Structures are given as C-alpha cells and as structure tokens.
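Below are two complexes that have chain A in common, paired first with chain B and then with chain C.
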Partner chain A sequence: MVRYLRLVLVQLRISAAAGMAYRADFIIEGVMAVAWMALTLLPLLVLYDQRSAVAGWDRSSALVVIAYFLGVRAVLEGVVSPSLVDLVERIRSGAFDYVLLKPVDAQALISASRFEPWKIFDLLGALALVIYAFHARGGPPSATGLAVGALLFVNGVLAMYAVWILCAAAAFWVVRLDNLTYLLGAIFDVARWPIHVFRGLWRMVFTFVIPVAVMTTFPAMALLDDLDARTAIATLAGTAALLVVSRLVWRTAIRSYTSASS
Partner chain B sequence: MIRARELVKHFRVHKRPPGFASALRSLVRRRYETVKAVDGVTFSIERGERVGFLGPNGAGKTTTLKVLAGLLHPTSGEVEVDGFVPFRRQTELLERITLVMGQKSQLIWDLPPSETYALNRAVFDVPDAQFRQTLDELTELLELAPLLDKPTRQLSLGERMKCELAAALLHRPTTLFLDEPTIGLDVAMQLAIRDFVRSYNQRHEATVLLTSHYMDDVVALCPRIIVIDHGVLIHDGDLKGLVKTMDPDKRVSFTIVDPIAGDALAKLGTVLARDGHRLTLRVPERELPGVVGHLLGPLHVADLAIEDPPLEEILRVMFGKAREGEANGAAAVDATPPPGKRAEADRAEEEAGT
Partner chain C sequence: MSRAARTLRALPTLLRIGVAETIAYRAEFLVWILTTTIPLVMLGLWSSVASEEAFRGYGQDDFVAYYLATLIVRNLAGTWVAWQISEEIRLGSMAMRLLRPIHPFVAFAASHVAAIPFRSLVVFPVAVVLLLSSGANALTREPLQLALIVPSLAIAWLINFSILFALGTVSFWITKMMGILNLYFGLFMLLSGYLLPLPLLPSYIRGVAEWLPFRFMQSVPVELMTRAMSQREALLLVGGQLAWAAGTLALALFVWDRGVKRFESVGG
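Showing the complex of A and B:
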C-alpha cells in the first residue's frame, strides 16, 4: 500500500513537472480551467432566470448538483481521462509493454499515470459553489448529510472510474477508441442536470446503464438531506458491482493484449 | 535460467486484399488467418549466458522474447524464467527481468531521464542507497552524466538508447531481454552499448538474450547463437559450429600486383567479389595452404587476408533454404527481407545456386 502511495505521489510530481515543461501551455491551461467553470454555470443561470424550480429542484439545490458535477468532472478530467487516453495510446503504439513489465498492478499503474494539476481549481470551484448554494439556502448541511454527501462523492467518482475502465478495456480489442471516450464525455455532460429532469427510458438509462445519477444527483440529494437510506445503500452497492465487473473485464482484456509489432 | 519447451504462439489476423471494394466487403465479412509466429521452439539458457537470437524479419524472435518476458500468453508449450511462469507476471519475476526494445521507449518524452528513473525507483521499490549506487554505476559505464537533466525530446537517438538501457536496469535485473538495442545507432554508439552489455553481464552474472540486425553485435557479444525462421528453431549452438556446418569454405581476399589470367584464378577457387585490383575467393579449407602458397609465391599478391564467411551470408543461405522448404509445402509467414537487403539476399541465393 505504501509502495502504491509513494508511486502516486511520484506520478503526481512528474505530471506537474510535465505540465510546466511548456510554459505558455501551462498558463493557457490555467486560464481555460477558470473559463470552463464559468461556462458550466451559464446554462443553469439562464434557466433559473426565467423560473424558480425545474422538476422539483430550486436554483440553490440545482447548484449543488452542478457542484458535484464540477467535482466529479475535475477528477475525471484531472486524473481518469488523461490516464486512460494515455492507456489507449500506449496500447496502440505497443508502449503498454512497459506497463506490463512493471511489478505493480497494471490497472493501478495506468489509472494514475497522468494528472492535469490545473483541475484542482475545478475542485476548489465546486467546493465554493456548494458553500454558496448552502449560503443561499440559509444554513449549512446537516452532519449526516455532509458525511453521506462526502461518501457518495467518492462513490460517484468510483462509479465514473469503473465506466471509464470498461470503456478503456475495449481498447485491447478494438484499438482505436478516441470516439468512444468523446461519446462518454458527452454523455457524462448530462450529469450536470438533476436526474428528475429526465423521464421514462432516459431516466432508467442514466440511473442504471450509464449511472450519471449515482455520480451527481444522489450525492447532491444526500447533502441536501433528501436521499432515503435504501437509495443510498443501492447506490453504494451498484458502484461496488460496477467496480467488480470493470476489474474482471480489465483482467480478461489484458489477456487479449497482443502487443504492437516491434 | 530460461527454458522454452515446444513453445507455440499463434496470432489470428484479419486479412483483406487492397482496394475500396474489399474494404467494404470486410466490414460485412471478415477473413481471418492464423499466423504461426512461433511454432514449437525448444531451448534452454543457463544463468550468465549471452545468447544471440537471430532470424529474418517476421521469424518470431520478438514474439519469443515477449512470451519470455510475460507480455504474451503462449498458445501452447511451456515457458519458465528463473523458475517462474512469465505470463503469470509474479512480482518476484518482474523484479528480476527486463526487456529493452530498440524501437519503443519508456522514457517520459517531455522530461529529463532522471524523472523516469525516479518513477521506476518507486515502481520497483528500490531502496534509496541501492538506487544511488546503481545509478552512479550506470552513469559511469554509459557516460550519462551530461544527459540526465536534459529533456528526453532533446536527446539524440544514441543518447536516448543509453538512457533507455539505464531505465531498464535500475532495479538490477539478472535476466536481460534485449530486442534490437542498437538499432539506428552509429558505430561508436553500437560499440559503447556492446561493451556495456558485456560488462553488465560479467558484473552481475546476468543472462542476456539479444536480437540484433547488426551481426557484429551478435558476433562480438554472443558465444552461443539460436537461429529461428518461420517460428521454427533451425540452429542452436556456438558461432563457429554454425559457420562450419553451413559453409566450411574460407574467404581469401588479396590485391593483385601483376595481372592474373582468369583460368588461373578459377583453379584457385570461386571468385566472389572483384573491386578493381582487390579480389575475394572462396576456397575449401583443405585446399587453403596450397592456394595461399600459390598466391604469395608465383602470383605475387599483396594484402592477403583469410576470413570465415560473414555471418550475414551464412544466414542468408540458411533462410534461403528455409524458403525453399516453404515452397515445398511448409507453413507461411512473411519472412521477406527488408527492401535494402533484398538485392543482397537475391545475390546470395544466386551464389548459393538456389
């Protein structure tokens, strides 16, 4: 465990150093991070300018969902996505050989192989948004809400990670996966809206198939003291199942690795 | 200790003829073909041995190395490295082996090699003191000092290869799989890498299995040679034995001082090359004393040299024979020599009368 922790810290330092290797890029990335956060809020502000509630969610509650969206997206774009894009590239070029030659778990090694350090600002922005939303509601969240909300945030990140691993594992068979990662990114964008905005089939899809509700709506509801225990437990169990499935698929996928030509 | 017994690795590859129509057809109905990359290879290598692994492109060398390093699962057969089954990827084995691929890089492109070394140190959990000592040793042997803090993207190919070797050896592996480690390097750099590999082998009693397109690498480094073609082992033994079996005739080169009649030369041996006044003859070993005596005596030649046939030539003949066997019904994999080598190979086949 200590070995893996040390490894993550070294990778974090190296990614930060790599990010700073190109000075102009580093500055532009920083400015972009702030701009993207502002743009994320824009549709919500426009929507609530005309009405006080959408599908039972008032403005401040919807802001909590957006905050979770920003938080999960920060982890997605800061760690998961760069690492898995890196994985797809390594599989295509055959450089994944060097991952398999290392005496550590390949999934663990590749999952933290790249970081985008600027995304920490998105995470801080998400936190600021939660504080603002509760300030607008007139009081802080309850201790239980805070604890379950924090737990479900981690759970949401893990669910999203499992979906991405499933997607990345496909790269061992189909090699070119760029479009699938873009598609998943676009689908994840749905998570900025509370799940109740969707009806019928879409709500089922976004709850059970691509569980974006698990990533943002349910954690937000927990923080707002609006989530029943049964849904909370089902959310945790669903993510655990997803993680197990993703691990099994990953292990099967690695067996299919044929390594690109010398 | 490395053992491979009846090692087989087959790949299923998608095949389609060129053209747009066949591309469209392949969307609906795909044709697959089984490529026998390695087809029943058996050998064993003792600790501390340096073995050259030779064969034409597509012979199955790299696939064998990848199976031995645990990157690929064998289709059938048994493989063992230091008592471990490689594809199980046990930590104890991965800490003892390394694979260097001349055409692939593990160095982080935008950062100096020292950052990759720091990462590998964490990955292999190398204690601080051992890491310092090993890095100092590698820095001295490979003359890395001026390179360690330069971004990888600014290093020359040769400099990068030296840094790659260091990255692969920081955990002090005792089994080295080297796949074309000198590819694209100039002669001086090839010599440096060769010296380094020999020195590492001697210092750490490391087992070395080397593939290289440069025969000089193999001749200089490896007392034992394994030759593989079309996934099948066709020779396993020392270099001299290979040369003796395949072509016991010697090459006699000399410079003509006085003109020599063509029929006088034909009596001495087969003329293999003629470059101005410089000639190379092929002479059976038992006739050598007589021929040399005649050349130095009545014919007054200068700069006489006697050599074994070049390894490249021997291998070309070997692979040419293997191709002949293939034409008689053996399994098919692409063993076409690279374009630059094709003319030479054709010439060799003509010489060999194939």
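Showing the complex of A and C:
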C-alpha cells in the first residue's frame, strides 16, 4: 500500500515538473478555466432567467450541482483523461509491455500515469462557486451536510474512475480509440444538470446505466441537507459495485492484450 | 498535366481510400458519432422544462424539432479534421502527405466526404423519428426553405471543415493544441445554436452570435428546417453562409501555406 502511495507521489512530482516547464501555460490555463466556467454557467442562467425553479431546484441549489460538475470535471481532465490518452497510446505502440513487466499492478500504474497540474484552477473555481451559491442561499451548509457532501464528492470521482476503467478496457479490443476522452466528456456533460430535470427514460438511464446522478446530483443534495440516508447508502454501494465490475472487466481485457511491438 | 486535372483524376481513388479508412477504423468513427449526442440530452432537458408551459415561445414540439434537426445537421456537417491534422503533425506522419502531389486540403476533404454516407446511416433513423414525432408540426413547409436545406448543409460542412483545417494547421506553431481545440468547441457549442437555440441566448451574446461563423456552420440549416422566415431572409442566410465559406476557405489555405514552411518533421 505504502509502495503504491509513493508511486503515485513520484508520478505526481514528474507531472508537476513537466507542468512547470511550460510556465506560459499557467496563464493560458487560467484564462481557459474562467472561460469554461462562463460557458458552463450560461445555459443555466438562461434557464433560470425565465423560471424561478425547475423540477424543485432553484437557482442557487442548481449552482451547487454545477459546482460539483466543475469539480469532478477538473479531476477528470486533470488526472483521468491524460492517463487514458497515455494508456491508449501505449497499447497502440506496444509500450504497454513495459507497464506489464513492472512489479506493480498495471491498473494502479496506468491510472495515475499523468497529471495536468493546472487543472487546479478549475477546482478552485468550483469551490468559489459553492461558496457563492451558499452565500446566495443565506447560510453555510450544516456540518453533516458538509461531511457527507465531501464524502460523496470523493465517491463521485471514484464512480467516474470506474466508468473510465471500463472505457479504457475497450482500448484492448479496438485499437484506435484516441477519441474516447471526448466520448467520456460528452456523456459526463449531462451531469451539469440536476437529475430531476430529466424525466422517464432519461432519468433511468442517467441514474442507473450511466451513473451521472451519483457524480453530481446526489452529492449536491447531501451538501444541501436534502438527501435521505437510503439514497446516500445506495450511492456508496452502487459506486462500490461499479468499481468491482470495472476491476473484473479490466482483468479480462488485459488478458486479451496482444503486444503490438515486435 | 495541370495540377487541377491531376487532383481531379486522383479524386475517385481518394474517396475509395476514405471509405476503406472509415471501415477500418469503425470503432473510432462510432465514438466520434456518439460524441454528438449532446442535442439529445438538451432535448430531454428542454422538453421537460417546456412541458409545464412554453419557454419564451418554444413549446415542446418546437424543442423536439429543433434538437433532432440539430443532431442531423451536426452529424452531416461536423468534422474532426483538426484533431487528425494536429495528431499527424505531432507524430511526424504529416511528412508523408507533403510528399504527395495533392494538396492536403483536398486529400483530407476527400477522406471526410467519403465518411458522409456512413454518417447518413445514423442520420436516417433520426430523421424518421423526427418526421413521425410531434416535432413534425414545427417543421417548415415552405418550398424555398426545403430546397435550400441541402445546399445549406453542404456549405455548412465546408465552413466547418475550413475552420477546423485552419485550427489543426496551427499545430505547426503550437504543439499543445488540445486545450485550444476544446475551448473552440466550447465556443462553438454556445454560439452555433448547438446547445441552445440562438433566440434563447441573452441579447448581448445573441447580437454577436448572429454574425460569427458558428451560426452559419450549424444553426442556419436547422433554422431553414424549423423556423418560419421570409424568402428574402432565407436567401440572405444562405448568402451569408457562402460569404463565410469563401472567407474561411481562403483563411485555411493561407494558414496552411504559412505553416507548412515552418514544418520540421518529428520522427522518421
């Protein structure tokens, strides 16, 4: 366990050093984080310009959902996507051999192979948005709300990670999948809306098939003291199940890896 | 043989290669198509919002028609050539293209045109659903608008392709293009009517969006399908498309000419 932790820290340090090497990116990424936040918020502002509440969600509580969305997306683009691009490239070129040869679990090694340190801006933006939303509501979240909200944020990131591993596993069967990250991004884009805004089939799909509700809506409800204990436990259990399934699929997929190098 | 005649003679072969590529990399192709599902999500959102009461004049039928038309247009007119070019420049395989006696703009365009029949396979069921759904009531029945849809789609494709070609070519100068492309796509989603019908945008953004190329790459064909407008306006919109197509095409070729001079091939 300690070994894996040290491994992640080393990889983080390498990525941070690489990030610092491109110092001009600091400004570009900062500007982009702000631009992306504005782009993300605009549809919501359009919607709430006309309505005071949609499906039981008023403006400030919908902002909390968006803040969670920005937060999980920051982790997605900061850790998950770069590593996925790395993995697909290694499978295609055959360099994945070296990953398999190393005396650590391949999934652990590949999961944190690259970081985009500047995505920390997006995370800070998300935090600022939460603070603003609660300011607009007129009071800070309760202590339990804060604790469960934080726990479910981590849970949401883990659910995202499990979905990512499932997608990554596909790269072992179909080789040229460099655009998987865009697919993940497109699916995940749904998470910016509270799940209750959708109806019928849509809500079923986004709760159970592609669990975006688990990533943003439920954590936001927890932070707003609006989530019942049963849903909270189901959220945690669902993510745990997803992690197990993704692990099993990964192990099956890795067996069908045929090295592309000579 | 002149350059134009040579290109023309190579065209059927280029198209055949494009078809073969699409079939060979069908998984990647499928993933690109799946990334265009955002209109369906937005449709789910707005139709449940509009089911209580119309939203700024948009009823449920209007949203169904708008977003299904958006999905059709995006699948037919959208391309991902910028990602391809940027990748080829980064990995050095662009060098091989430069050796061939055909302008890469034509070569890339042919390979993307060849994929359109496959995309139609996706578009066709969507079109059937649109015609059978309640959204059919919101579709136009004006003969002129109907006649302009196909040319408008073709021009929209050309603007899309030219801009993305120019953006991909910027990789000759900047190696880390992904962030810029993502930001471009974000702007596109907002200002082209892909995410929201343009009339729903705040007036200060809408004023800008009506003149930027984004509208002419995506929203105009959708508007021709779904919006009531005068004949003069329909012709003006397609005229605007033509103007932007000429402008962006010239830009793409100009950026390419400047960029290719800086090219240092990476790898062998």
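Operating definition for what follows: the second predicted complex is superposed on the first by the 250 of 262 C-alpha atoms of A that agree within 3 Å, B and C clash if a C-alpha of one lies under 4 Å from a C-alpha of the other, contacts with A are read in each partner's own complex, and residues count from 1 in each chain.
The rule is simple: a contact is a pair of C-beta atoms (placed from the backbone, for glycine too) under 8 Å apart; a residue touches a chain by one contact, two chains touch by 3 or more.
Keep in mind it's a predicted model, so treat the numbers as computed, not measured.
Placing chain B and chain C on a common chain A by superposition gives a fit, with no clash between them. In the superposition on chain A, no contact is made by A:I195 with either chain B or chain C.
Of the two partner chains placed around the shared chain by superposition, chain C is the only one that A:I28 touches, whereas chain B remains out of contact. Set side by side, chain B and chain C differ in how many residues of chain A they touch, and the one touching more is C. In the superposition on chain A, A:L183 makes contact with chain C only, not with chain B. By the touch criterion stated above, A:R6 is placed in contact with chain B alone, chain C being left untouched. Of the two partner chains, chain C is the only one that A:V46 touches; chain B does not reach it. Look at A:W36: by the touch rule set out above, it reaches chain C but stays clear of chain B. After overlaying the two complexes on the shared chain, residue contacts for A:V54 are found with chain C alone; chain B is out of touch. Rounded to the nearest 10, the angle at the Cα centre of chain A between the centres of chain B and chain C is 80 degrees.
Superposition on chain A places chain B within reach of chain C only down to 6 Å, the least C-alpha distance between them.
Taken together, the two structures place residues 22 of chain A in contact with chain B in one case and with chain C in the other.
Per the touch definition, chain A reaches chain C in the complex via residues 22, 25, 28-29, 32, 35-36, 39, 42-43, 45-47, 49-51, 54-55, 170, 174, 176-180, 182-183, 185-187, 189-190, 193, 197-199, 202. Across the complex, chain B meets chain A through its residues 11, 62, 66, 69-73, 89, 91, 94-95, 97-99, 101, 103-106, 108, 110-111, 115, 118-119, 121-125, 151, 179-180. Taken in their complex, chain C has these residues touching chain A: 25, 27-28, 31-32, 34-38, 41, 44-45, 48-49, 51, 55-56, 80, 83, 87, 176, 179, 182-183, 186-187, 189-190, 195-196, 200-202, 205. Touching chain B in their complex are the following residues of chain A: 3, 6-7, 9-11, 14, 17-18, 21-22, 93-95, 97-98, 100-104, 109, 255, 257-259, 261-262.
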